[in-house]
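What follows is a pair of complexes built around chain A, which joins chain B in one and chain C in the other.
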Partner chain A sequence: MIWVETVVNGMLYGGLYGLLGVGLALIVGVMRVVNLSHGEFIVLSAFIGVSLSGMLPWVYPLALLLPVAIIAFGLGFLLQAALVNRVVTRPDPFASILLTFGVAVVMRNLMVEGFGADPRNIPSGRLAHASLAIGGLSVGVLPVFILALSVALFTALQLVLTRTRFGRIVRATADNRDVVRLMGVNPGRVYNAVMGLSLALASVAGMLLAMRSSFTPYSGVERLLVAFEVVVLGGLGTFWGAMAGGIVLGVAELLGLRFDPNAGPLYAHLLFLAGVLLRPNGLFRART
Partner chain B sequence: MTLLEVERLEAFYGDFQALFGLSMRVEAGETVALIGANGAGKSTFLRCLVGLLDDKRGAIRFAGQPIDREPAERISRLGLSLVPEGRLLFPSLTVEENLLMGALNERPGSWTLRRVYDLFPVLAERRRQMPNALSGGQQHMVAIGRALMSNPRLLLCDEISLGLAPVVVDQIYQSFARIRSEGASIVLVEQDVKRASTAADRLYCLLKGRVTLEGSARRIGLDQLSRAYFGA
Partner chain C sequence: MRTRSAVVLLAAGAIVAALPWAIGEGVLRLLSEFLLMLAMAQMWNLLAGYAGLVSMGQQVFVGLGAYSLYLTSVSLAVAPYWALPIAPIVCALVAAIVALFLFRLREAYFAIGTWVFSEVVALIISKIERLGGERGMGLPTARLVDPRWLEPLNFWISAAIAAAALGGTYLLLRSRVGLGLMTVRDNDVAAASIGVDVWRNRLIAFVVAAAGCGLAGAVSFTATLYVAPSFAFDPNWVVEMMFIVLIGGIGTLEGPVLGAVIYFALRELVTIAFGLSAGWYLVGLGTVAIATMLFEPAGLWPLLRDRLRVDWLSVRRIPPPLPASAVALRRAPADAATPASRYDATRDGGSSRSAG
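What follows is the complex of A and B.
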């Protein structure tokens, strides 16, 4: 029974990993840029969450998700407008990789300077330990909430991209950024909004991760690694694939921990390695 | 009234010069054909007009306004619309979504989804399909419809008969009468000289980035044209 419980909890946390990855997948899909500072922005969002909950101790931490996401959207918009748009049209991918790598290094050091190197976490109160008994299984309330929120955000993203005028413009810009200009669209502005969206999604994941375990200014690399694994495992540029990839990794990690409490995320990484060797195009190939 | 006026246009791709002092004009309501062999600079010329090529010198005025330093997204809002060579539809968008992209700049005018479907009824049947599921001719219709949705004052068509069956090309050329009656001027880039000279009021022949011949499409003789075309 305890193994079934572990699998269920792994699936529930997997939604969170999916959210980490989907923001990265969105940027790769729309502008063919690999944002190496993705992890640092996730950590920065968590620091913003910690600071806000310190300033507003009477506010329930989950209520901070929306304001932090809005701030993250603004940061993404600025990052794109001020920096990434300068290199995004270059034919060689190294310009954007070097740029976002540089941003990551600068941010990491600024966060150490500003917030210190001590591990922090966002208090989630009673919710962290509350659990539900479903059919003899004990399932955490927070993980259930996390999965529900992830599914809701994935669905919303999918609907925005397929059903709205904005989504149509984003897909068209991803297809051909020169031709959309002939229709009066400025690709740079589309990119600004997409980067904002990517980091807003990542910030939600960052906040929720910070409720689950502690983080430091150096945690960005781990976050980015998970995001990469999710995206590659799910198949580049597919959103539901990213969700499924996240769930697979979440289950592998929790099962690994149950099997060997000192393993950390080792088993998730091993599963990723096996996945890449066996299915180099991703577990779930589909068109976006 | 002169709608488009180009003076001594030069264009460059890095060290390579593609256009050498090209001048031309299009009057309101006119259809102008631009003919020339491969590499004569026809597509480059169109790219300059719509603002997709920045490395250029010379003057381009559209409806009296200089546009040679304007970015492509601004030029499109002035009513200059391109049907690009190879169509360049958006493969992730349905036929109807492709058409709606043309309406983004919200220029007032008579072209709407319904009018485009009237013009090309087959597109109405296939509105929910992806463009790659359509035949080449139908894809051209989408590209033309997308350009029309912005209610252009000047429609630029790049090689729209390339790779199509003659029957389909006839059908597309017949649509030009309707497009002109809605008030748009047309520039046709063609390799098919005969077709171009019957459809157009005036024509320009390009050779290696220069205009080698210009005049009324009906008065230019075939041998005169072939000398300008091949540079013999």
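What follows is the complex of A and C.
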């Protein structure tokens, strides 16, 4: 029974990993940019969440998800407009990799100077310890909420991209940025919005992760690695693939920890390597 | 030309040999660190700038080199320097085996694959009690070396490694393998179609870079007398290599030298002259990287090279003269083409190469 419980908890945890990766998948899919500062933005949004909940202690932490996501959207918009758009058209992939890498290093160390290197977390109140008994299994309320929120956000993202005018423009820009210009679309502006959306999704994951476990300014590297694994395992640029990749990694990590308590993310990494070697294009290939 | 280079090399060798008596121990240690970092950066440059392999897990070879040296030296009870050759051998073997798997991945997948591989090795080593687990292990056999000779020896070995990294990369790139590598980097499909063995060329570059990083990492940890997984497999190793190469100029041999000078000058200036914490130094380094990518994406060496009109270590090849009809056909596009190509080699548009 304990194994079933571990698998279920791994799946719930994996929804969060999927959320961590989907923002990265969006960026890779739309503008073929690998954003190495993704992890630092995840950590920064957690710091913003901590500061907000310190300033507004009477507000329930989960209610801060929306304001933090809006701030993260603005930061992403600015990052893209001020920096990334200036290198995104260059043919070599190094330009955007090193640029976002420089942003990551600057942000990480500014966060160390500004917030200190001590581990922090966002208090999640009674919800953190509440659990439900479903058919003999004990399942935390917070993980269930996290998975439900992840699925809702994935569905919303999918609907926005497939059913709305904005989504149509984003998909067209991803297909061919030169042709959409002929139709009167400014690809730079589309990219601004997409980067904002990517970091807004990442900020939700960052806040939820900070409720589950503590973080430091240096956590960005680990979060980036998880996000990358999720994206690559799922297949670069696919959204449901990212969700599935996250769940697979979450289950692998918790099963590994059950099997060997001081293994850390070792088994998730091994599963990632095995998965990518068996299916070099990801478990779920992009249709387009 | 040949005698002049020989004189320059001899003079450089004499200076390196005499330097430990001329300068203080602190400066000597800094110089050793500089030379080792330069060697590692040159290896990363060989991979990313010439072989088209962006490794984000190069620190795995730094760590494996250090651990193989420590284990050999401690279990055989010999001075660490005698165990030095084991580091590149272990790293080359691991690289050759891992390449079978990792080379199935391309570009971003390869970069992430190498990074995850490094994390896996670090996690496994931190579970092995024989190697001290997460606490790490010391190097008691360093006592077998006369302490007065420790720093000079480290310095000479570091200088030799840096020279070998620079010279070896130069010779490798001027060889058939180097031409193959650059052809593959510029267009792998075209390279394969004219019979270049893409896989073999990449494997040679990957194995050489692993051995070089392993050797430099082993020497680097001989100076610290202590190794732990969190230091040996620190992703900051590859971060530093990347910074040095990209700021100096990727795909040029002089670029990493310039990049390493900038890297260390900035570090000493910020932490010693201004007395700021290492955090602010890294903020400065990140800002330099952002500015480089925005304003001079090819790095600083190509800029300086064109200003000084020098071209010391070019591996550019001058193509055979074209038949008259082809010259007539090519004239129009050649005038319109921009001369600033991103890479140094195998393009016929840039300035002609000075004879080595």
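Quick note on the criterion: the second predicted complex is superposed on the first by the 286 of 288 C-alpha atoms of A that agree within 3 Å, B and C clash if a C-alpha of one lies under 4 Å from a C-alpha of the other, contacts with A are read in each partner's own complex, and residues count from 1 in each chain.
To be clear about the criterion, contacts are C-beta pairs under 8 Å (C-beta built on N, C-alpha and C of every residue); 3 or more make two chains touch, one makes a residue touch a chain.
No experiment lies behind these values; they were computed from the predicted model shown.
Peer 1: So in the superposed three-chain picture, is A:168 touching just chain B, just chain C, both, or none of them (first/second/both/neither)?
Peer 2: first
Peer 1: Name the contact category of A:183: first (chain B only), second (chain C only), both, or neither.
Peer 2: After superposition on chain A, A:183 lies in contact with chain B alone.
Peer 1: Who contacts more of chain A, chain B or chain C?
Peer 2: C
Peer 1: Just chain B (first), just chain C (second), both, or neither: which does A:11 touch?
Peer 2: It touches nothing on chain B or chain C.
Peer 1: On the A-aligned overlay, A:62 touches which partner chain: chain B = first, chain C = second, or both, or neither?
Peer 2: Neither: A:62 stays clear of chain B and chain C.
Peer 1: Check whether A:137 is in contact with chain B, with chain C, with both or with neither, and answer first, second, both or neither.
Peer 2: It touches nothing on chain B or chain C.
Peer 1: Once the structures are superposed on A, label A:99 by its partner contacts, choosing first (chain B), second (chain C), both or neither.
Peer 2: Only chain C is touched by A:99; chain B is not.
Peer 1: Check chain A for residues that touch chain B in one structure and chain C in the other, and list them.
Peer 2: Residues common to the chain A contacts of chain C and of chain B do not exist here, since the sets are disjoint.
Peer 1: Quick one: which bits of chain A touch chain C in the complex? Just the residue numbers, please.
Peer 2: Spelled out, the residues of chain A in touch with chain C are 28, 34, 83, 86-87, 90, 92-95, 97-99, 101-106, 108-110, 112-113, 221, 225, 228-229, 232, 236, 262-266, 269-270, 272-273, 276-277, 280.
Peer 1: Which of the residues in chain A end up touching chain B in this complex?
Peer 2: Against chain B, the touching part of chain A is residues 165, 168-169, 171-172, 174-176, 178-186, 287-288.
Peer 1: Any idea which chain C residues touch chain A in the complex?
Peer 2: Per the stated touch rule, the residues are 48, 54, 101, 104-109, 112-113, 115-117, 119-120, 123-124, 127, 235, 239, 242, 246, 250, 277, 279-280, 282-283, 285-290, 292-294, 297, 342.
Peer 1: Considering the complex alone, what residue numbers of chain B touch chain A?
Peer 2: So the residues of chain B in touch with chain A come to 50-52, 71-74, 76-77, 81-82, 84, 88, 90-93, 97, 100-102, 104-105, 146, 150.
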